[in-house]
Every structure is written in C-alpha cells, then in structure tokens.
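Both complexes below contain subunit A, partnered by subunit B and then by subunit C.
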Partner chain A sequence: MADASLAYRYPLAPFYDVVMTPPSPAPSSLRTLKDRIATGLITAAGIGVLLAILAIGVFLVWETLPLLTHFDTLSLEKLSPLAWGTLKAAIAALVLAVPVALGAAIFSALFMTDRLRARIKPSLELMEAVPGVVIGFVAGLVLAPWVERHLASTLALLLWLPLSAGLAGILWHLAPKALRRALSLESAGLWLLPWIAATAALVLWAAPILEQQWLGSDLATFLDRRFGIDYTTRNTLIVGLAMGFAIIPSVYSLAEDALYDIPKPLMEGAQALGASRWQALWKVALPMAGPGIFSAVMIGAGRAVGETMIVLMASSNAALMSASPFEGLRSFSAAIAIELPEAPPDSQTYHLLILAALVLFLFTFLVNTLAEVVRQRLRRRYQRLGGA
Partner chain B sequence: MSRTSHRRRWPGDALWAWLCAGCVALSLFMLATLLTLLTVKGLGHFWPATLEELTLRSGEQMIGQPLREAPMPTGSATERLYFTGNRELTGADWRWVGVDEIVSAATPADVIRLERSPWGDFIGRLIALELDGERLTGDSAFDRISQLLALPPSERSGELVLLSPSGRGLVQPLSGVNTFVAPNALSIGEKTAIWGQGVWRFLSEGPRAANTGGGVWPAIFGTLLMVILMSVIVTPFGVLAAVYLNEIAHQNRLTRLVRIGVRNLAGVPSIVYGVFGLGVFVYGVGGSLDQWFFDDALPSPTFGTGGLLWASLTLALLTLPVVIVATEEGLARIPDAQREGAVALGATRLEMLTRIVLPMATPAMLTGVILAVARAAGEVAPLMLVGVAKLAPQMPLDAEFPYLHLERKFMHLGYHLFDSAFHGDDVEAAIPLVYATALLLVLIVLVLNLTAIFLRHYLRRQRGES
Partner chain C sequence: MKSPRSRPARIVAALLMGGLLWLATPAVWAAPITGTLGATGSDTMASLVLRWGEALAARHPGITMQLQAGGSSIAAAALVAGTTRLAPMSRPLSRAERERFEHRYGYPPRELRVARDALVVVVHRHNPLRAITRQTLDALFSSTLACGGEAPIRRWDDLPPPLDWPFGHVALHGRNQASGTFDLFRQRALCGGRFRADISEYPGSSAVIAAVGSAPNAMGYSGYHHLTPMVRALALINAEGEAIDPTPETIQSGEYPLARNLYLYVNAAPGTPLPPAERAFIELILSDEGQQIVRAAGFVPLADEALEVSQN
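This part shows the complex of A and B:
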C-alpha cells in the first residue's frame, strides 16, 4: 500500500534502488526491539511516577477511614480550633500581602520600563526562595519581641506607609520640573526606597512620644487596662506579617504576568480614546486580567494555608478560638508537625492529624486546579485578542 | 502625554500610581532589610569584639563585651547588657548594668578572652603559663600558647594561670581551651584573620555546648548528603515522567489533566508530603523491612523510624513536580521539525530521544534539578516527621561497613536553626550562631536559585538567537 502510493507520487521511485542506496534503511530487528523495550520502560516509569503521586491522595483517604466508625464530638472539638487557626493565619497573611503584591504588580507591569522590569521582577521573585524556617526565626525571635515593645509604632507604621507614598506623589507634583525629570515615575519603585526608610524612621521616632502623650503608657498596657485585650508576644499579627512576606512574591509574580500579557493595543486604544492611565487600568486592564489576578490570590491562599515553619515559629501554638489579632493560634500544619511524631500509629490522634493533612491536601489541590484552569482560559483569551 | 494628563486630572487620579510604586519599594525594602540583618548579625558575631573594663559605683570591677541597651522598666534611665563570661565564678554569662552606675570605662590591651569547654568563655587577664615546671609570662607566654593551641587538644600540656576581673585567680589546663585572643591589642588585619578563622571553624566544626558554640559542619554535611541522594532519586524519575508525558503519551484531554495535576502538586503543602513519608515509608515500608530482615533488633526499630533514606525519598517525591515541569518546558521548546527530521532519517524513537531530544533538553533538566535542590535544602517541615535529628551522634557516612548508613538520622541546617533558636537552654547565647546558620542557609538557597535563573536566561537567549 505504502509502496503503491510512493510509486504514484514519485513515478521514478523504483529506480532509486538502482541509482543509490535508500536514505533510510529499515530499522534492524535489534534496534526495533531496543526501541520497544525503552518505550515500555519509559511508559512504565512515567505511569509509575503518576501513580506514586496519586498514592498520596489514596493514602490520606485510607488512613482517615477508621475515623468514620468512631467520629465523635471530641474529634470535632480538637479540630475546630485548628481549622480556625489555619483560617485566621491565612486571612491575616492575605490581608497584609495582597494589597502590596497587587500594587507592586500593577506598577511593574504598567509603569516600569522593560529594562528596569527585567531587573526588579527576578529580585522580587527571589524573595520566594528565602526558606520559611529563616522567615519564621526572624519573625519569632526578632520581630515579635520588638513589636511587643513597640506596638504603637508598628501599627502607626502600617498606617503610615501608604500615606507616605501618597505624600511622595504630592511632593513630586509640587517639585520643580528638573527634579521631576531626574526622579521619574517610571523608576519610582527604586528611588522611593530611601524615602520609605527615612519616613519610617521618622514614625519610629515620633510614635513612642505621641503614645506617651496621648495614652500615658504603651499601647499594649493601655489595651489591656482599658479594654481587657490580652497581648501575646507571638500572635496573629506577627504570623500575618511574616507569612505575608512569604506569599507576596508568588502573588506578585502571577498577577504581574497576567497584567503584563494584556494585549498592548487594548491599553493604547483606551488611552488614545482619552482615558487616563487610572481609567485604562480600572476599566480595561483589571477586568481583562481579573481572572489572572484571582488565580494569583488563590495560589497565595493555598501557600498561606499550608505553610508550616512560619506559623510554628511565629505563633504561640496555643489552640484558641479567639478573633483577636493580638493572640496566638495553632494551625493544621503546625499541629501535624508538633503532634504527629509523638502520636502512635493507629491512635485516634494519628488518624485525626492525617485527616487534617487530607483537608490541607484537598484544599490546596482544588484551589490550585481552579487557579490553573482560570489562568489557561485567560491565556487563550489573550491569544484570541492578538496579544502576546 | 502622560505628564500633561496627570497634571490636568490632579490630584486623585495620579495618586494611585504612587501607592503602587510604594508597594514595589516596600517589598524591596523588606527583602533588603532581611538580608542586611542576617548578614550583619551572622558575620558580625565572628569579629573579635572590644572588651570594656568597667569600674562601677559600688567599686566593683568588671570586664565584658557591650551588646545592647534598653530602657529600664521604671524611670527614664537605660541599662546595658554585657557579655561577661566566667559562668563558674559569677553564675551567669550575662549581666545588665545601669548606665549611670558606671564610673569609668577603659579598654586595656592585656584583657584576654578564652573559649573553653566546659564552662564557656573566660574573660579576664593572663598571669602566666605553667609548662613542665617552667613559668612563662608576658610575650613569651603568648607566643608559646599560640604554638600549643595549634596541636590537637589531647597532646597539649601546660596550664594557664588566670585572673578574673573580680581579682580571683584560677588555673585552666590548656587541653580545654579552644581559642585564645586578646581582642583589644589586635590590629585590624589580625582581627580580620581571627574573623576568618572564626568563620572557618563555624563551617568546619561540630556544635558544642548545646549549640551555643562551635559550628554546623555535621548539619551542612547531612543537608548535602540528603540533597545528593534526593537528586539521584528524583532526576531519572522526573525526566522519565516528563518524557512519557511529552513524547510518548497521546496528547489528549487526560494528558492535559495529568499535566495540570502534576503542576498543582508543587503547591501542595510540604507537611502533607511529610505525613505521607511517615505513614508509608517509615511505618509502612520501614516497619515491614524491620520485620523481615531486622527482627533480632526489634522492638527497637532499624528502618521503622525516620532516617536518611526516608527523608531523601520524601523530598524526592516533594520535588518531583519541579523537575517534571522544568523538563517538560524544555521538551516543549524543541521544535517538532527536529524530531521529524530524526525519524525521517531512519532513527527509532529511542535513538531520536537519546541523540536529539534529550541533549537539547539537558539545560532545562539541569535547571529543574537545581530548583529542586534549592527547594529541598530549605525545606524543614517534612523532615521533622521523617528523620532529622537535633544532634546525630554518628554521621550517616563513615569508615564502617556499609559506609553509607541509610537508616541513620542526620542533622539538617534548617532544622538545626529551628532547634537551636527555639529549644535551646540558653537562647540568648545561641542567637548569634542561629543568625550565622540562617545566613548560610539563605546564601545556599539564593545561589542555587540564581544559578537556575541564569541557566534559564542563557538558554532562552541561545534559543532566541539561533
């Protein structure tokens, strides 16, 4: 059949045999055998690896099954503070990290020159490489005692940072033209660094003085005396700050990709029709890249829920059901890390902790899948619109 | 264009851009602060600090290294923390002194600092060196001591006659002395040399005195060995799985789903892998191995407890998605024409893979393995479940048959950091070394990541030009 079609397409084909050797000799049986075996091995290994990955889910479900026979209220009582702690830590981290990450993403995707962006983006993504145990150590042993002594300064700093950036903008608009050209908005991400350091130092200097004048004591004592709010050294605020630092890079990186890949003609068209950059961002860029930003936040949430060392080291690990940001918490992951090595296999605690691991697994897996699907759709939409 | 429009719509419209710029600056600021903190504290610890001799208002004399100041709990006065050493004489290594209690402070050149075991540091003065009935003083004693300290501890003879700041004499055998410096008499060059020696000892020695002294060599070694074992496991399997997914499997809906699934596994919390490792490798496989081969040692487990092998396997599983994703990216970038050309010239699929496709994808694989190693080096949570130890008495690699002891527990930099920072007896004394460990860990991980970034960048440029 093949020969016949060849003869039809190349009428002279039979003569090649005479004139020259055929360009591709038929594979010898040994080579075919080798190929068959190798293909089989690769297939086996590939499927084996995929099965091993699947085994994680199967194992977790299998080990949780014994709980079905005697799941009592006691188990629920043990798990609910952990679930709350996990949620609380993740929410604290997201509240602190998402605005910063999205702001940074918007700036580097829409304002920076490509040259600068090529430097800044990898540096920010390197933040992700800092191991959790190092962040946890700095948060638990350096940041936490400092914040305890300077609670008012910390809160003032959190409020002041956005204000100081705005103030920089106002001053910039009032500045003479030469200065404005030297310090362009495009490179503001860099030259605002010393400005932030300087104004932060100013707040750190002023806050204790104001605190003494207005409250007569430091804020932690004041809160305790006036409102009866306890302050634990390693608390949710610290966890939020530390884990916020850890998830900023992943949220930033994905959101920045989504914003940067918006087809350029869309933004240019909007601005050509008279929209300001703000309007172009709000009416065109954000709705376009919305799904991408959503998936970035989801990935951040997945990371925050599962992070172990930071929560373990930066929180008091007391299983509490309180909403106060100044009290500690204990998350699923920290509970697993602390209790599982001690729990004998086949005990109730062992199965409960594996249930906690299953919850973490399912949650992160679902969230990531959702994010990935959304991201792929977005990529297809951009391609349809003729973008990158 | 933007400048004029900014001015016209001033002020509300332009402000948000500044907020976003502030976010970039803030992120960079935090990263820079963290790295600076670790560098300064981590490397500063090894610098021979100046010792101050104080005369207090009560007439008492003391010598110490000033560390930091803090306001007194009551009133506006401040107090200063000194490291004074001499634990066996004063009962503590640290002392808070009110700043207004200090009558005079000086930095005499003859003050010395010893690091010894047991009892930690001694700070005071040297009276003489007693050696074979001889009594050396002054410079000749200093020279002789530095000669003797170069010998291993067991071969040293002689005793130091010391004078504590409060005027008590004591005798210290040279065999228990680790370092001997007179920091106030040193020039900058000598201090740098001592600093270098300190850094080297940190990298090359084992921990001493409950992690408050010595170095982290066993932890570096354990981390390295585990990471190497892990790469040996993860590289072939990761590459094979990627080749299967990209080159052999039919590209249909199922393959796409599997691909998304693998990608998402990279986002599953590491502790979940630890739970899997504990349940399946340690209790499951390890427990069975014990019953079959090591039942004479039961009930004390051999493989049925955490160890090097299980830790490497767990981390290999954890980093598998990283290698698969990176390799697949590399494979997908190879133009189909290359594959078709090879097959058209008569190569079998195996020959096409090994001679054309895999060599072209090698840099991508390497990137994946480097990223996997970087991730594994920084990961601590799963190791806490499957085999890390706070202080491993035996190295997992030694001269005893079978040389590589896969069942032994091992030390790991990240866990060492966690343990000495949170579970030590004297956390204050351990903190400087914890900073140094943290710096080392961050440096290792950052260098690995940078290598991967440059490799990938180089790869893209090469592809783009050709």
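This part shows the complex of A and C:
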C-alpha cells in the first residue's frame, strides 16, 4: 500500500508532497450529484472571472470616452513620455533579466543533475514571492545611492560577471584531468560561486583605484564635466536592475519548463548520432523550445510593463523622453498610482490616467494571451513527438 | 501596621473621591456630547487633524473622529457631493468648486482658517547656498521663465552669484503633479509657468526631504512641517532685496513669500446651529490648546487677528 502511494508521488517529493487519489470503485448517485454541483460552481466562477475582466475593459473604455471630444495635442504630449518611460523600463529590465534567466534555464534543464535541479528550481521560483514593494524599497533607498557613489564599479561588475564566467570555462578546459573530475560540469553552479565572488571582489577593489588614476574623479562627475551627461540618482539603470531581478524567476521558470519538457528521445537521438551536448542544445533543443522561450520572455515583458511599485520607488518619476540610461523615467503604472488618488474626478488628468490604464490593460492582456497561445501550441507539438 | 482588610476600603474611598472630583468638572454637568465626526481632507493636514481628533476625544469621550485623507481635490469633491460635512484643505476652494457647492445647496460653504503653513526650498545640509531670489528659483525649476529670468540655470556654478559647490548639475526634486504643494509652488514660485520635465517627483513631502538630504547636488521644495536636520531651508529674497528665512514669525505674518493658510470647510446652512460635535471640534481648533497642537504638529499657529476672524 505504502509503495503504491509512493509511486503516485510527484518526482519533486521534498517540495511538492502531492499524492494522487486512486480511482474509486463504483460511483454512487450522491457522488454524481456532488460532481455536478462542483462542475456548476466551477463553471460559474470561470464565467464570473471572464465577466469581471470584460467589465473592467468596458469601464475603462467608458471613462475615456469624454476624452474623444477634446483630445488635443496637449494630451498626446502628456502621454507620450509615459509610454516611452514604460517601454524604456521594460526594455532595461529585459536586457538585464533575459540573458541571466535563459542561461539559468538552459543549464538547469539540460546540464544539471536531476537531484540538484530539484533543489535549485524551487528556490529560484521562491524569488518570485518577494513583494515588488520590498524590491522597490531596497532599490530606491539602498541600491540607488550606492550605485551613484560607485558607478564605475557597478558598470565594471555588469560587464565583468559574464566575462568571468567565460574565463572560468576556458580555464576549466586547460585544467588537468584530475581537477576537471573533481569540479564536474554538472555541479558547475556550485564551484562557480566562489570564483564569481572572488573576481567580483577584485573588481570592486580595483575599479575605484583605476577610476581615480584614469579619470581623476569618480565616473559620474567625469561624465558630467566631460560630456555634460546628467546622472539622476534613481535612474533607468536602477529600475532595470530591480525589475530585472523581479522578472528573472518567471522567465526562468517558464523557459526551463519548455526546455525540460523536450521529448527525451529527440535529445538522445541527436547525441546518439554523434552530436555533442552543445550541438544538441543549439541544433535541437533551442529550435524545439523556441516558442516556449518566446512566451517566457513575453510573460516577463508583460510583468515588466505592468509592474508598479518597483518603477514608482526606483525611478525619479520625471516624465522625460531621453534615451540615457542614467536619467529617470515615469511609467504609466507609476503615474496612475501617484496621481489618480489626488486627481479630481471628471478632470482632464483623471480621464488621461484612465486612458493610460486602458492602454496598460490592453497591452498586458494581449501579451499574456499571445504567450499562452504559443505555449499551448508548443505543448501539442511535444505531445505529437511523444514527450510528456 | 498594615492590615490587609483596610486595603479594599481605601480603594473604595479613593474611587469615591475620584468620582466626586469628576462630578465637579463642568464637562459632566453639561449634557455629554456624543457622535461620530467624519472628515475627508488633505493629506498634508492628516497628522494635524488626527491630533485634534485625539484632543477632542480627551475632552469629550463620546466623540469619535474618522478621517479619510485623500488630498485637497478629493476633499472638495466630497464636500460638494455631500459625503462629508467637514473638509480640511491645504488650499482655498477654487471658484468652480465653490460655484458647484452653491448650486447644489443654495448657500456658500463656511470657510475657517485653522493654521499657517509654508513651502520651503531645501538643499543638502552642507550646501553653502543661503538665500535665493524668485527669478533664480524660476530659472532653476521652470521651462517657461515666467518670472523674468534670462536663461535656464542647470549647474551650481551658473547661479548668480556663482556658488563654490563642485557637484555639477542641480538635481531637482519635487512633489507629484496632482498635489496642492505642486500647484502652489507653480503659482507662487514659477509665476504660473510650467515645470521642467526632468524634476524627480515623489508622492510625499518626506520623500522629497529624504532625497535632498542624501544627495549633495540636490535642491527640492516641500512642506515646512517636514523639515529635518538632513536638509537646510533657503531664505527667499523678496523684491526689496531682503532675505527672509522661513521662521514661525515670518510665516505667521505672511512676510515669507511661500506661506499659505490651511482651511477647514464646513457644510453648514447660515442661521442654523452646528451639530454639537462639530461645534466642539471647531471650538477646540480655535482654542489655545488647538493652536498648541498646530505648533506640535510642525505647522504655524494663526496670528491673533486671524484667530479672531475665524472665531467669529
């Protein structure tokens, strides 16, 4: 009996203690009645949710209608910096998050041992539980002043971290066999940590010294004196770092699922035909899971566009049209959060904010729907190919 | 010496004495005032109104105060819609709001000045700048130069007279666009012009102060009662060339150019007496105790003449 129930357990036993109920004997009439009630309730709840979403859309459209009568260039002038700010924040977050999240997904889905993966994946997904307001708070009050004082170190770290991982790879190939066996590739995530920490410490130690030698002052002052580039404390770089951190878990999780669910025979077939793991990754896994990775990035973009508290607290909220990563921005969602409580109802500001909300609603709705449709098609493709 | 039996007797005696004393206070002889006071109002004044509410509850334990702080514009809308009878506001009602109120009720709302407040221009505490003219302020904060400045000022060394403060450009901080503070600063300091686009905006005055206090190249504007030792408030140079510091005296007299009144609007028909709870609240605000609370909350009490006007 105990063995039978164990067999039903999900493989990630330590984290998900899911036990499937064995099929019951002959269904009684009471049971069918219960089933019907449950089905009815669930259907009603589903329809209710759909109606609520529809009602939100209708409300937003209705509230923006008065704008149509006096929509002028001033409204457009007010909205376009917000649209640009939203886009800029999302792009910054994606640029920082996507390489990290996809790299992590590829490594944990295709290279890591299952035992390690079963520990790593849920812990990475736990990152998603950190509330946006906490991330925004830390970014605005701790990270932003630190980065302003250590701009050169921050930029050097951003460049150096990927390079140092590559350097570790080269060194590993040159290392003697015994060392290579001790530091296996499957557990590279573990022995890379001290390496990265050590090189990061080196950069943090060296950057201020080099900065003083070459520029004669810190980088922010140098940029201002030499090129007239403004540096705002809470800028796009900070927003990108904070929001990138926030969207890494969801991008990672979805991309990892897409890669891990690739039918095993495909990868094994490729390797049986003589492809290296690296070749199998580029020629088989990535093209196969491409749509899944695309939808993961889309979900990340949707979250970045809709995210409010991080942008509100980590950016300067100045409605600018600049492309500089060192200047602030103001996004739709932050503008709504700050201004709507104080905007008198039926004023121009109020209707403009509602229009911003409508744009936001439509965008996230479309992006999420697109991502979900792509994911469903991918799942069917895997099923045709005999996967899970 | 101490017999245990006497202790309950002592307690009873003490209670009796206390009860007699309590009966002797005039508040008990008058009929007790009870009721719930609802107010919707400015978030600048939220802490002040709550402190008044506490003092009121101490005077009349039967009264409970409920405050919804959403901003002055929300307060005006709620007053017109009739969802509140008391609206503490950090700016006077606009003409349109006043007309809407009169159109709906047939009489004007009763306006009481309850305290004085001011906007202050702040810089980092180590900044050597002491005073600033309105033209310079406008040249720093606006894109329109409506006060007659010649060119926008972007850097600390461009200030007239040049300031020895080697931190490059002036980082500007201010309030969000829907706040009364934003609007007042625009009217009084920018001569009604428009703000530059690259001013960092914060949803609260304390956040502005914190941002300015942590960056040596920063300048910002905020409410007087949020001042902390992290920042220094600049004196404003008026048309006669005198530098006027924001002190309680200059704010009370109106000599400081960015001083303003704080108001309480009451929806009360003329000729009919106010409900007792509202009457008690207004009496408290205009009493010495109420004005002491104003000072304790970081605002400035009304001058005696203004207090008399409000009392009548």
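Quick notes
By our rule, the second predicted complex is superposed on the first by the 338 of 388 C-alpha atoms of A that agree within 3 Å, B and C clash if a C-alpha of one lies under 4 Å from a C-alpha of the other, contacts with A are read in each partner's own complex, and residues count from 1 in each chain.
Definition applied: a residue touches a chain if its C-beta (ideal position, glycine included) is under 8 Å from a C-beta of that chain, and two chains touch if they have at least 3 such contacts.
These numbers come from a predicted model, not from an experiment.
In the superposition on chain A, contact is made by A:L190 with subunit B only, not with subunit C.
Contacts of A:P341 after superposition on the shared chain: both subunit B and subunit C are touched.
Shared-chain residue A:T369: touches subunit B; no touch with subunit C.
Within the superposed three-chain model, A:E211 lies out of touch with both subunit B and subunit C [touch as defined at top].
Touch criterion met: A:T232 reaches subunit C, while subunit B stays clear of it. Looking at the shared chain after the overlay, A:D257 reaches neither subunit B nor subunit C. Number of subunit A residues touched is higher for B, counting subunit B against subunit C.
Look at A:W278: by the touch rule set out above, it reaches subunit B but stays clear of subunit C. When the two structures are aligned on the shared chain, A:L124 is found in touch with subunit B, with no touch to subunit C. Note: residues 312, 337, 341, 345 of subunit A belong to the subunit B contact set and to the subunit C contact set alike, using the contact criterion stated above. Subunit B contributes residues 1-2, 5-7, 9-11, 13-32, 34, 37-38, 236-238, 240-241, 243-245, 248-249, 258, 260-265, 267-276, 278-280, 283, 306, 317, 320-321, 324, 344-346, 348-351, 353, 374, 377-381, 384-385, 414-415, 417-418, 421-422, 427, 431, 434, 438, 441-442, 445-446, 449-450, 453 to its touches with subunit A in the complex. By the touch criterion stated above, subunit A contacts subunit C in their complex at residues 81, 145, 148, 221, 224-225, 230, 232-234, 312, 316-322, 327-328, 330, 337-339, 341-345, 349.
The touching residues of subunit C, when paired with subunit A in their complex, are 70-74, 76-77, 167-169, 171, 176-179, 197-203, 211, 214-215. Residues of subunit A that touch subunit B in their complex: 23-27, 31-32, 34-35, 38-39, 41-43, 45-50, 52-53, 55-56, 59-60, 63, 99-104, 106-108, 111, 120, 122-124, 126-127, 129-138, 140-142, 161-162, 164-166, 168-170, 172-173, 185, 188-190, 192-193, 195-197, 245, 248, 252, 271, 276-278, 299, 302-303, 305-309, 312-313, 333, 336-337, 340-341, 345, 353-354, 357, 360-361, 364-365, 367-369, 372-373.
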